[in-house]
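Consider the two complexes below, in which chain A is the common component and chain B and chain C are the respective partners.
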Partner chain A sequence: MNGILSRETLVKWAPLMVLLILVLFFTVLEPRFLSVRNLARISVSAAPALMVALGVTFIIIMGSIDLSMEGTVSVSAVIFAFAFLYLGGTLFGLAWLALPLAVLVGAVIGLINGIVHVKLRIPSFMASLAMGFVGTGLALLLTGGDRIRVEDEAFRGLLTERWLGFPIMVYVAIAFVLVGWFIQSRTTLGRNFYAVGGGEELAHASGLNVSKVRILGFMLAGMFYAVGALLAVARIGIAETATGNNFMFMSITSVVVGGTALWGGIGGVWNTLVGVLIVNVIGNGMVVIGLPGYVQDAVLGLLVIVAVVLSTDRKSISFVK
Partner chain B sequence: MSFIKQYIEQEKLNRRNFLFASAAGLGGLAAGGMFGPGMARAAIADPTIAWSYRNRTNPYWNEIVSGGEAFVEGLGMSKDALVHLINEGSSEKSLADVKSLLARTNGELALAIDTNDAPNCRPIVEAVAAAGGYVSTIWNKTDDLHPWDFGDNYVSHMTWSDEKPAEETARILLNAMGGKGGVVHLGGIASNNPAIERLQGLKNALKDYPDVELLAAEPADWDTQKANQVMSGFLTRFGDEITGVHCANDTIAYGVIEALRAEGIEDMPIVSYDGNPQAVQLIAERKILATVFTNPHWGGGISASLAYHAATGAFKPSDEPNEHREFYGPTIMVTPEDAVEFKAKYLDNVPTYDWTDYWGPSNGQIQYK
Partner chain C sequence: MNLERIKPHLPWITLVSLVLIVGIGDSNFLRPHNLISMVADIMPLFIMALGMTLVIFIGGIDLSAQSVANMTTVVATVALPTFGIGAALLCVVAGLAIGAISGFITTKLFVPSFVSTLAMGGVAYSAAQYLSGERALYMDATLRDGAFGWMVGSSFGIPHEIFLGAVLLLGTLFLQSRTTFGRALKAVGAGELAAVASGLSVTRIKVLAFALSGMLAAIAGLLFSVKLSGGSPTLANGFLLPAIVAVLVGGTPLTGGVGGVVNTLIGTLIVAVIRASMLYFEIDATMQQMIFGIILIIAIASTIDRSKLRVVK
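After this line comes the complex of A and B, so read on.
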């Protein structure tokens, strides 16, 4: 019993320890790594990915997977940019309406995603991958391959305005982490995610409408992807079909490295926060200490394996051979 | 839904063109017979014109295609008459598409193509030549493959040498830095030829500037967001030591500019490459000091034109010297002084090119190292 407890404790805190060790490692090699300005840089690069990773966390807790994030991010970003410019192009006018519109677009794509998955009984990985392609295609159709610049000073203030050394978008991201945490721990829906992921049969037998929970989960994830899209556009001032690039790898890696188990029921938003920070600390730290990019990919790959090994061991405890 | 309509429309046209082409081809064959056997083979009265390329998400390929369409319109056809073969980065798909189009058109094909990678060029060219079609290639070709080894059917190959222009932009950058300080380079995908050549251009220029240090060169994969993150890392690692940034292309420069803007740095000297409209705008605002325009619109049009006119017998490729079979495409330097003029001339109103001036803007015969 004691052994299991200590192992569980280890597994629970391992991601955070990895993060601290990484921070220590990079700081020893390059003290400037720990400067406020660099921490702000890491936060800026992490903020959009964090939103996307939060969204997919809920799906993974349910034991499903969502691979539609790249398409959803691109479509939300592009529609946001078109609407923003159409409505006057400044936050002080009507253009703020483009913000909720983008989130609505994310929700709709997520909803369709969930309905296709649940009602057509297509495995979530296939349904969401397909929806992702549809999204990327739609974004391309809307833009014709062009980039849309969003130059509004007020909107770009998310990046350029700083409080206590950190751009506003970082605080926005933190606010949404709290929203995610609230949903996870204080709402029925959040708890139902765990119920579905922990044992779908049991949840179903207990009278839970599993289909509804799944569809709502995908819809919620889509909304978080859209918030990620908004922050991504705020970060570089450009909305394009390529806005969604890399988010799939980044977010799933982050969720797994953070210790949320792929078979569901375990983990949550704090794990994801730590996971996203690990991935971004590595990305930034490698450049800061001067290691080439391909080493960075290799290290991330190894970390994913380590994370999965750790959590797989935890599961095998319940098996007796 | 308009793209579906467009596709169906295009297919209809293609079929119609195919019928016309077959009919005309027979006529041409009969007519050719009167002038001796040599003529008959080279004259396809109305070949199907096709462009095979990677994708439409990239502004570069959009420009290439717009040139191909402009050429087709110049012939008095609708621009939908141009057949698009999109390989999505797959050499297998590229070859399969070309082969099926050859079968469908009975070899009466004028094809312009980037074969996706160099090894794929030979099977494509061989397939086209075997079917009696005509092909012009750009960018990818192995060094041992030459148009003149295929008689008339492999019409031409055009590529761009980036080393020299990248060296020139580097000199503009190094001068703007006052010939001292530190420069960082953000490159393309490390194994891509243009990425290698553009970094080499910077290194060549640096030989004349002993007081400038190349602080780091890191791939940013032609990607704006990746470039943004790499530049953030550079700022931590080198801070104020960075006094200039050399970018392998425009999309990288956008990410760099935003990473600097986040830090409140507005006056960093930056140079880039490709001459995308947005970059030219930034040059006019002096946010970027130089970019290099390779005129993809002309490249797309002239490649289709070469294949087409060789197919119709308007000129005979094998009578042309080697520098008309393998040549470098144009490069135009854009700087703040001429950005507005450049934009007006090339971007706001796309110039009307004489598509029978095949080699006017080209840049000399390809040299192999």
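After this line comes the complex of A and C, so read on.
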């Protein structure tokens, strides 16, 4: 089958088709779905998740997995909030320094995550899951279970200021998609992710320092999680241990549904953008047409299974763990 | 004496040393009454860890255990007025079904177990929210005592939770060491391709392992809900990390094949003693999760069989 309907073409465009069909479906059932107001609502809830999903995209392209996002997001959010308030609590003062600090925190956690995975030779899903638990624990230790309010108007402007009907944080998110796209397609590191994912032994044999690429990948992912944390705090105005809740399930689902294969080597940031939109359109659309919110986790669970099954070439693998 | 010879004995040596350290720090810890109630309190976690052991033993993982337990706290509470003790059966069947579906998705559809169980966990969570109406529910005290009083009473000074845990331990131990299923489990854990080549029905074995894990997680949830006399979609949150820690600290490595349910008993007791010691040494409870996370990393790193992993992904 080499025609337009070959398996590869289908797999490549299926996520976008699914997104369009979903949008059409919800619009037919409830025309208000397509109003600027509702689209803005979808993009605001998608923005933090998109940042986290972009980070884990690079890891999944390498054929690894990162489950540490909940902990990393919580720690970055909490440290950001503490630093922000300590430095005066307004973006127009020194407190803007808390923004790069949060990203630095994300990078450090990602770095430790990568080192634990690569140097101790622990499979990434378990190393990162454990690091995620440590992160959530650290956030709990730092806050003692309290919520920290960030009420600075300039910072919350990410949510409250609108251009063309959409809050600024949506444009920030789009800018970071472009950054991710640049890293993926125009940098050596980005290309190396694909090399590792396409075949680790071959990449190693051609002289690539696979360990270094992996560690840098986890560090980069940590930085994107921190950006996600900043947007999440801007969205609700609160930093707490629970800030990171649900990001793991959401982001992994989004990446996989977008068409980035768990086996690595295929997909990228555009797939993730489509995947995050699919997940959020489903979440929003179900509420708009009047379905209860609690169905969402089940639907996402089934969706991720279908996506993995469709993206798997079953002739090439003998078993999975 | 080299390290490889000592390694299998490390879990119980750790346990005994920890007990002694805490005991020297505060001799009240060593009172039989205190030790017994500590063991009784850890039983729901132990039962969940038993199930987790079977899945890790074949080289997989069950991330849905906590959600399944959450779901059964709700199922038990909702079904109690109508079905009485039959509510227990509903819980067990629900756990078995969810585990079996995870196993099927993993083996037949080639979805890695951490994804399939995460996804089925989402399904279980939705079911729990639907059944509970997104609230915390409480059991009627007389109904609870009538149907499940036997679970939380005590005989000869020993709480019944411990008997329940012991029965399940003996059951899984029998499965593991005295049945062909147990042998097959070990074969799959030691090398899946070799197990396939020797004609074992690997699919059936793996699906059964996941189903048993789901069932034991459900029993853990049931016991927990009877103990707390209620249910909610988040009641058992915080179980997943210590359950995985218990299996790994006990000496069943992530790569499977060695260890087993007795190791998990030791691992669970280590978790219990560490928790208790934090109380005795007045370490802030907010540190607990971080400490267990770090212990998890150490436990994985020191037990994992790296010769089985050609590339570490």
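As a convention for this text, the second predicted complex is superposed on the first by the 307 of 321 C-alpha atoms of A that agree within 3 Å, B and C clash if a C-alpha of one lies under 4 Å from a C-alpha of the other, contacts with A are read in each partner's own complex, and residues count from 1 in each chain.
To be clear about the criterion, a residue touches a chain if its C-beta (ideal position, glycine included) is under 8 Å from a C-beta of that chain, and two chains touch if they have at least 3 such contacts.
For clarity, every value in this text was computed on a predicted model and none was experimentally measured.
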Room on chain A for both chain B and chain C (clash or fit)
clash
Classify the contacts of A:A232 with the two partner chains as first (chain B alone), second (chain C alone), both, or neither.
first
Pick one for A:L94: touches chain B only (first), chain C only (second), both, or neither.
neither
Contact-wise, after the overlay, does A:I168 reach chain B, chain C, both or neither (first, second, both, neither)?
neither
If we overlay the two complexes on their shared chain A, which of chain B and chain C does A:A242 touch? Say first, second, both or neither.
first
Which partner, chain B or chain C, touches the larger number of chain A residues?
C
Applying the document's definition of touch, where does A:I305 land relative to chain B and chain C: first, second, both, or neither?
second
By the touch definition at the top of the document, which applies to A:L189: first (chain B), second (chain C), both, or neither?
neither
Tell me the contact category for A:L262 with respect to chain B and chain C: first, second, both or neither.
second
Contacts for A:L159 in the overlay, against chain B (first) and chain C (second): which applies, first, second, both or neither?
first
If we overlay the two complexes on their shared chain A, which of chain B and chain C does A:R147 touch? Say first, second, both or neither.
first
State which residues of chain A lie in both footprints, the one left by chain B and the one left by chain C.
140-141, 144-145, 292, 294
Chain B residues touching chain A - in the complex, by the definition given at the top:
3, 56-59, 61-62, 190, 216, 218-219, 223-226, 228-230, 232-237, 239, 254-255, 258, 261-264, 278
Provide the residue numbers of chain A that touch chain B in the complex, in ascending order.
30, 32-33, 35, 37-38, 41-42, 44-45, 140-141, 144-147, 149, 156, 159-160, 167, 232, 235-238, 241-243, 245-246, 283-284, 286-290, 292-294
Of chain C, residues touching chain A in the complex
59-61, 105-107, 109-116, 118-123, 125-127, 129-130, 134, 192-193, 196, 202, 241, 254, 284, 286-294, 296-297, 300-301, 304, 306, 309, 311-313
Any idea which chain A residues touch chain C in the complex?
63-65, 67, 116-118, 120-127, 130-138, 140-141, 144-145, 200-201, 248-249, 252, 256, 262, 264, 292, 294-302, 304-305, 308-309, 312, 314, 317-321
